[in-house]
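In this document, chain identifiers A, B, C, D, E, F and G correspond to the written order of the chains, with residue numbering beginning at 1 in each.
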Amino acid sequence: MTEISIAILSTLGAVFIFLAAVGVVRMPDLYLRISVTTKAATLGIGLILIAAAFYFNDLSITSRVLAIILFMLLTAPVGAHMLGRASYFTGVKMWKNSEYDDLKGKYHPKTHVLSSEEEPDDVKKKV
Amino acid sequence: MLLSVLSGFLLAACLPVIGKQIKGNLSILLSALPVILFIYFLSFIPGVANGETYHFTYNWVPQLGINFDFHLDGLSLLFTLLITGIGSLVFIYTSAYLKGHVYLDRFYGYLAMFMSSMLGLVLSDNIITLFIFWELTSISSFFLIGFNNDSEASRKSSLLALGITGFGGLFLLAGMILLGYVTGSYSIVELMGQTELIHNHPYFVLILFLVFMGAFTKSAQFPFHFWLPGAMKAPTPVSTYLHSATMVKAGIYLLARFTPVLGNHEYWNTTLIIIGGVTMLYAAIHAVFRLDLKGILAYSTISALGVLVFLIGLGTDDALLAASVFILVHALYKATLFLVTGIIDHETGTRDVSQLSGLNKVMLPVGIAAILAAISNAGIPPSFGFLGKDLIYEATLHYGDWAIVLTVAAVLTNICLLFAGFLAGIKPFLGKLPQKYEKLHLPSPLMYVPPMILAGLGIVFGVLPMIIDSPLIKPVAAAILNTSPDFHLALWHGWSVVLLLSTITIGGGLGLYFILKPSEGLLAKATRFEPISPMSIILRCTRIFESTAKGVTNVLQNGYLRYYVISILTFLSVLLAYKIFKGIDLYVNFGKLTEITLYEAIVLAIMAVSIVFTVFTRSRLVAVAAMGIIGYSICLIFLFYSAPDLAMTQFSIDTLTVILFVLVLYNLPKYLKLSDTGSRVRDGMLALIFGGLISLLTLEVLNEPLEREISAYYAENAYTLAKGKNVVNVILVDFRGADTMVEIIVLSIAAIGVFSLLKLRLKSIEKE
Amino acid sequence: MSLYEYLYYIILPLLAISILIIFVRFLKGPTLSDRVVSLDLIITTGIGIIAIYSIHTNQPTFLDIAMILALIAFLGTVAFSYYLEKREKND
Amino acid sequence: MSNPYIILPIISQLFTAILLMFFWTQKNTQKAISVIMSLVTLGISVWLLTIVLKNGIHVTQAGSWEAPFGITFIADPLSSLMVLLTSLAGLAVSIFSVGSVRNARVRFGYFPIFHFLLMGLNGAFLTGDIFNLYVWFEIIIISSFVLITLGGEKAQIEGSIKYVTMNLLASAIFLTAIAILYGLVGSLNMADLSIKVANLENRGLVNVTAILFFVGFGIKSAVFPLHFWLPASYHTPPPAISAIFGGLLTKVGVYALLRVFTLIFVPDEFMINLISWVAGLTILTGCIGALIQNNIRKVFSYLIVGHIGYMIAGLGMFTEAALIGTVFYLIHDIIVKTNLFMVSGLIFKIKGTFSMRNLGGLYKEYPKLSLLMAIPIFSLVGIPPLSGFWAKLFWVESGFAIENFMLVAFIIAGSFLTLFVMAKLWAEVFWKDGDKLPKKINVKYFWELKPLKRTAMVFPIVFLSLISLYIGLGADHVIQLSTIIGKQLMDTTPYIEAVLGPINESQP
Amino acid sequence: MKTIIFKTASSYLLPLLLLFAIFILLRGHYLPGGGFVGGLIAAIAFVIHSFANGIEKTRGIIKFHPGFLMPIGLALALIAAIAPLFTGGALMTGLWFENPVPVIGMVGSALFFDIGVFLVVVGVTLTIIFTISETI
Amino acid sequence: MIKTKLLSNMLLAIIWVSLTGNFSAEGFVFGFLLSYILLWLISTSRRDDKYFTRGPKIIAFFFFFIYELVKANLQVAYDVMTPRYYMKPGIIRIPLTAKTDLEITLLANLITLTPGTLSLDVSDDKKVLYVHAMYVSDKEAFIHSIKNGFERKLLEILR
Amino acid sequence: MELLLVIIIGLLYAAGIYMMLRRSLVKLIIGLILLGNGANLLIFLLGRIVKGKPPIIDDASYVLAEIYADPVPQALILTAIVISFGLQAFAIILIKRAYKVVKTDDLDEMNATDEDL
């Protein structure tokens, strides 16, 4: 029983990670890559770690595994946000088929202040 | 005895302290030292005359058998008397000559130091101690020649003199050590007993060469003679004392001293005869063309030194006796002439012999001294010089097949020397006194009495040779010959070939004196040959050497770091390759290797690609990031192969390194200058060769069995004794805790370094 | 096929291949951000490898390395982002 | 003989450094602590050498783990001597620093790092473990990096880059050598290695490892052709730092070479030839380089290289006498080179430049100081009977004994070049008329300093000059000491037995 | 960096990571970890905090210059190392309390030594990173 | 204030206990003391944390979230593995109801972890969240789904 | 596996050397780091590698019984890594300082100290 759940969990985890890997290669722009990898990898690692927790079947190890997962859940999106934001600053382009860019022109180039103003409709346009 | 030798050093050491007090008229008091020493050494005459020798031993470095072993026999006694006697006169003379000079105290210091060194040199039985004093005379001479150190010419001459004599000195050192090695003793007395051993030793020629180099440079033999005329830049007392009477004779002393040890051998005799002969002729001819009084005297001194070497080279009893006498003869008249020159220079302000005449009218006592010295120099009876010259001809005439050639050479030399002596000693004083010198007057007696004493002795010894015959000269010859010779000095030997030769010499010299008038034109004719003189050749060689040195150093030390790295790695690679392919049996024991698994292979492949990527990417940041991947791959390898602690540490450190790089790189400019293909290929080859050698070496080491005594001990005791279960950590904090202690100190220092490197800004006053 | 063999011969290589694929993105770039993303993902995948390896070798201590990896991967991302913003500011 | 207190020279320097870090901003307190603790360390070092000479080799096993399992610290005559020399030079430079190091540098950790460096040196001398030696080397390297760059001036940075690179390269090679050595015999204790390496059958691998060690230490001791970093960097930091570098740092490399190539790898014929040639060429390049320099500190730097060649030559001859010579020269060289760099600092303070072209007139203006400075200058030349002379006796004689005329010739040539270089330096710096030379603005000249600072600059020069006079004139004592050490370098049994206990008969 | 998200996250990460760091430090003698890695994690915690909130704020939390941790840590390690000398033992000889302390296990000089390492590593890392961030 | 601290302290102690795996009384006391010291060390007077009072709720939300995460991944997986791209990405401006830093942060993180969305940044006046999304067929519907889905649920838990 | 590792080690050494021979100071430092990595791996490999048996005594026992990885090289590498980190950190900052005072990253322009000053 344990063995099967370990096998399933680890397989799922590995597959998610594999997907993330393929995603990071296949996705057409940086933001999509970040988007894909953050979750796929977090989920995949979570599953594999849980598999390990099952395997060792020890309270201290389980709690440690949970701590790692918690930590990843906390940091992965923050990291993604930081990298995405910094990339946008440095002018990393979005995919050509992207529909909207509400962020355009909202950053003050020198102070890095991000405004919340909604722009008039005529300015808002497709990328 | 030790005190008497070292007293000069003591005096020299005291002078910087008490110097201020004695600068005035008290300076003459310093002459007490050489006078006392002179008297002290005089007291040995009776004993030495009776064939006794004195030995004094003071321990210094008994470990090496290097001690103050002073040996006083005839030869050393003659020299000590010359040193202290002429020294006394020079000290006295100086007190007037340099009266009121700012640095008079220094001058006396150097003189005293020199005197002591010279005494040590001639008294040492220990050849190493002898060498030590030998070098000290060179150094004192360096300071004395450079005494007028504001003048560039002085500095150059002193460097040249030190260069040549120091150069020879080192050969002498090697020779002395070699003698000690061959015989097992540093004592000259003991060496005399081992003549046979030395003569038959394979190193004999080498020893001869080394000793000769020392003697020839010091005694200004051709082709090393040229430092001596330059040394005349020194104040006249120095020229008198060092460069005519004593120091330059150190080489002669050495040869005489070693005659019983090394002499009486074909190589010894031939070399000395040739070198001495060439020197005496070459320098004598040179002396003829000089205008500068000191120049004339310098060249005639060189020539005289040549004569001495020549005589020692002849090596017969006659010749050595002649040498013994001539040492004294020359010292007396040459010192006189120098002192006189000093007075002339001091009073008239010139040393140009063509400008000087008739000085007798204003300074008669000086003139008398000079003329007496010139007579002795010329070998005109009844001077002591006549006696000396006779003995020389006696020696050459009896030298077998070569007698005629040698005699002719000696006669020619003597003719020139006579001329030179007249030029220096008679020309300035006779004839018409130029108007500008009419107001001159006699200098202080302190200056003219010393030359008069010396010149007087030159005549007294000639008239009454018995005064010095058996008390002094005989023991000298005895020491050189290492036997007890039987002879008597006498002025008159009856009608003989020798007398004829003397007459020819005097006649020739006088003839020359009346024909040749010293002038610029004559000098110019002589200096035409300057470019091929040994001095020019050697100086040219020095310059070539120096520019080569510059070239080599600039090529080696070119400022390009990568060439430094290349040279190191090439050196290492060549050695490694040689040792690996020559000394190691290359094979791979596949049985010992572990299996290759897919995931590890992938990790390693990624690592390999990252390495290549790091190397070839154009962006520094990408290189840094790729370096991160290399680090992570290593981390995985550590993990797979049972090193969790390592994996953790590697990973954290690697990330930190990358972060540091990132923080530093953000404001660096784009790197554009790429090296050319050629150098890249060259560097690539070198890198691959080196990497390949390391790989090969690693493979070979892997074949060897590894002893696990130490890790087995750790495995056994980590928990039981050190109370830890993570053996690696136990090693870090306990078994090898000292390493870790040092490691955290390294980190702290690095942090301080980073802090100061980034924060410390020197104010402009603090920049250096 | 035992669980060990399954993990060792299927899952571990699968994860390794994932890393290889991600590495392709690292090499391709094109921007530094892309490389940072792939670096981060490589580390994350590394955590997976460590977890599987700890099962395979029955060494739970390896899981602690996973924790440190996660922590430091985050630091790396943060630092790069910091750098990207700073650099932009200075242009 | 076991004695846990032999590590006190290390501990006292470490303690000093830590204490100084607590007084980070108080410059005067730092100066006082540095000088006082240097004196204390000197006392400890004297005690150490005394007991070692009296009772034989002393050993302590860190952590009380018997050798070869823990880290051994061992005070044999050579290491105790090196510690003493370090303490002497350390005290001198510490005092000199009080007078010459700028307050800005003091406020940024000059003194702590200085004492860390001394600690590193003492550690390197006292350790009996090859990896621990590596670690001490790293302390030396990092602290010298910090010192050489302290102030961050352009020349300092440019010089330090070469210095840093070469030292890191040397470390990498050293580490590689240790890796291979461990891979071959599985031990790190030097005494243990001595036995185990001797028993190894694959001599080829042993020889290759020896090459790696030779090159690694060779870079550190700056032998040809591995020396280029030294003339590029030693003249760049402030004089006090140059002094400690010039006096001690390269000698650690020499020490390591002496240690490793007598204890672990007894040189075979190839190695002897290699070392001899390297030594000869080192003498030549160093002295030739010195001949053409105009910056006095560069002259001294090149002479360091040349004279390292002498010491290596002693190793290359590999006779007891030659090693005695090397040890003697080591003693002389540490004292004199330290002193010379301080002298250069003093000259700089007086004249505001290091360039011989712009120097002059020192003898006229400061006759007594000039005579003082003449002592180290002519000691370096080896004007007999000053300290540089004696070692040459041993080498020349050994050279003749083993018929290595090449080395004798190189040593003689080196001596001559040194003589000439220093005489030229004397003529230029001290004799030449200095009145017309340019004066710098923005430099605080010697006569403007407070008397205390002036004393602090002159006193250490007097101190070291007296020592070198003693080495030269009282050569007998120093030779006795060198002889003891030279004997022990050739016969390592006492060393090994002190660490591992009596060797039983079955082992060769 | 002015991001609310990061700032908020970092203030929760700090205590968590510090806790984790001490955990790693204390168990080093038994399992992978120890003073070095523990110290690194602690330092990283502060570094992350400083990235988010600025160095001044982080300084405010530490309350003194992080470089000061270096002499403290060194002194602690030194004392642990030379304590045996006072009883005539060799340098770094392990001194142990008789009984194990709850949670930590056996307490001896090695632990104090490791704590010294920990402090030094924190001090070093923070000094380096803070200095360089300040001078950017 | 004191209560908040106490709770944070307890929570940290619990985390300590689970980290060490030592669920004994001593372990807890030690963890408590340790975290007490830590909190004291890192405390600044300005701080006003409510995080720890919400501890249990957060753990509950955690499991809800796992579900969302899995769902999100399956959707993306499909797009990744199939040759054609079905996505219509863009950056959308979402006005925020959430007020505190903690609320905004959690919301942003959750959005990042859900299907095809990535929180890029929050405006400096904390009024607007900019989200990069993979599938924006209808912008208004998208904004609505976020506001009604995650934000509402989250605020329910937090407030 | 050793064969592959041997190749990687050689590659690391080669790459390190090659980078040291470039003109960029940054590359020089990277080269030194690569060299250090190579040396560390070399120690690791020459201590002989063992898979999956970390030298940690498990809960129940008092000694390391079965075949375990040699802990000594690991401890050495740990020390070496940390020390090199200190040196590298300093060297990296040196780049920054060098750029500030010499205004370039180009090593060929940093050779004034070899000229006669």
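Here is the rule we use: a contact is a pair of C-beta atoms (placed from the backbone, for glycine too) under 8 Å apart; a residue touches a chain by one contact, two chains touch by 3 or more.
What you see is a predicted model, and the numbers here were worked out from it, not measured in a lab.
The minimum number of touch steps separating subunit A from subunit E is 1. Chains that touch both subunit B and subunit G: C, D, E. Ranked by how far their CA centres sit from the centre of subunit C, the chains are topped by B. Of all chains shown, D has the CA centroid lying nearest to the centroid of every protein CA atom. Interface comparison, C-E against B-E: more C-beta pairs in contact at B-E.
Among the other chains, the CA centroid farthest from that of subunit E is the one of B.
Measuring from the averaged C-alpha position of subunit B to that of subunit F gives a distance of 85 Å. If each chain is reduced to the centroid of its CA atoms, subunit A and subunit B end up 79 Å from each other.
Each chain gets one centre point, the mean of its Cα atoms, and the points for subunit C and subunit F are 23 Å apart. Chain geometry summary: the mean Cα position of subunit A and that of subunit D are 58 Å apart. Touching of two or more other chains is recorded for residues 1-3, 5-6, 9, 12, 16, 20, 30-33, 36-37, 41, 44, 67, 70-71, 74, 78, 91-92, 94, 124, 128, 132, 135-136 of subunit E. Multi-chain contact residues of subunit A, defined as those touching 2 or more other chains: 22, 34, 42, 58, 61, 64, 67, 71, 74-76, 78, 81-82, 85, 112-113.
Shared contact sites, meaning residues of subunit B that touch two or more other chains, fall at 557, 559, 561, 565, 640, 644-645, 648-649, 652-653, 656, 659-660, 663-664, 666-667, 694, 698, 701-702, 706, 708, 710-711, 714, 725-726, 728, 732, 734-740, 743, 745-755, 757-759.
Every pair of chains that touch is listed here: A-C, A-E, A-F, B-C, B-D, B-E, B-G, C-E, C-G, D-E, D-G, E-F, E-G. Contact residues of subunit E toward subunit F in the complex are 2-5, 7-9, 11-12, 14-16, 18-20, 22-23, 27, 57, 60-61, 102-104. On the side of subunit B, the complex with subunit C involves touching residues 598-599, 602-603, 605-606, 609-610, 613, 619, 621-622, 625-626, 628-629, 632, 635-636, 639-640, 644, 647-648, 651-652, 655, 658-659, 662-663, 666-667.
Against subunit G, the residues of subunit E that register as touching in their complex are 30-32, 36, 124, 128, 132, 135. Taken in their complex, subunit F has these residues touching subunit A: 15, 18-23, 62, 65-66, 69-70, 72-73, 76-77, 80-81, 85, 87-93, 95, 108-125, 127-128, 130, 132, 134, 136, 139. Against subunit D, in their complex, subunit G makes its touches with residues 16, 20, 25, 28, 32, 35-36, 38-39, 42-43, 45-48, 72-73, 76, 79-80, 83, 86-87, 90-91, 94, 97-98, 100-102, 107, 110-114, 116-117.
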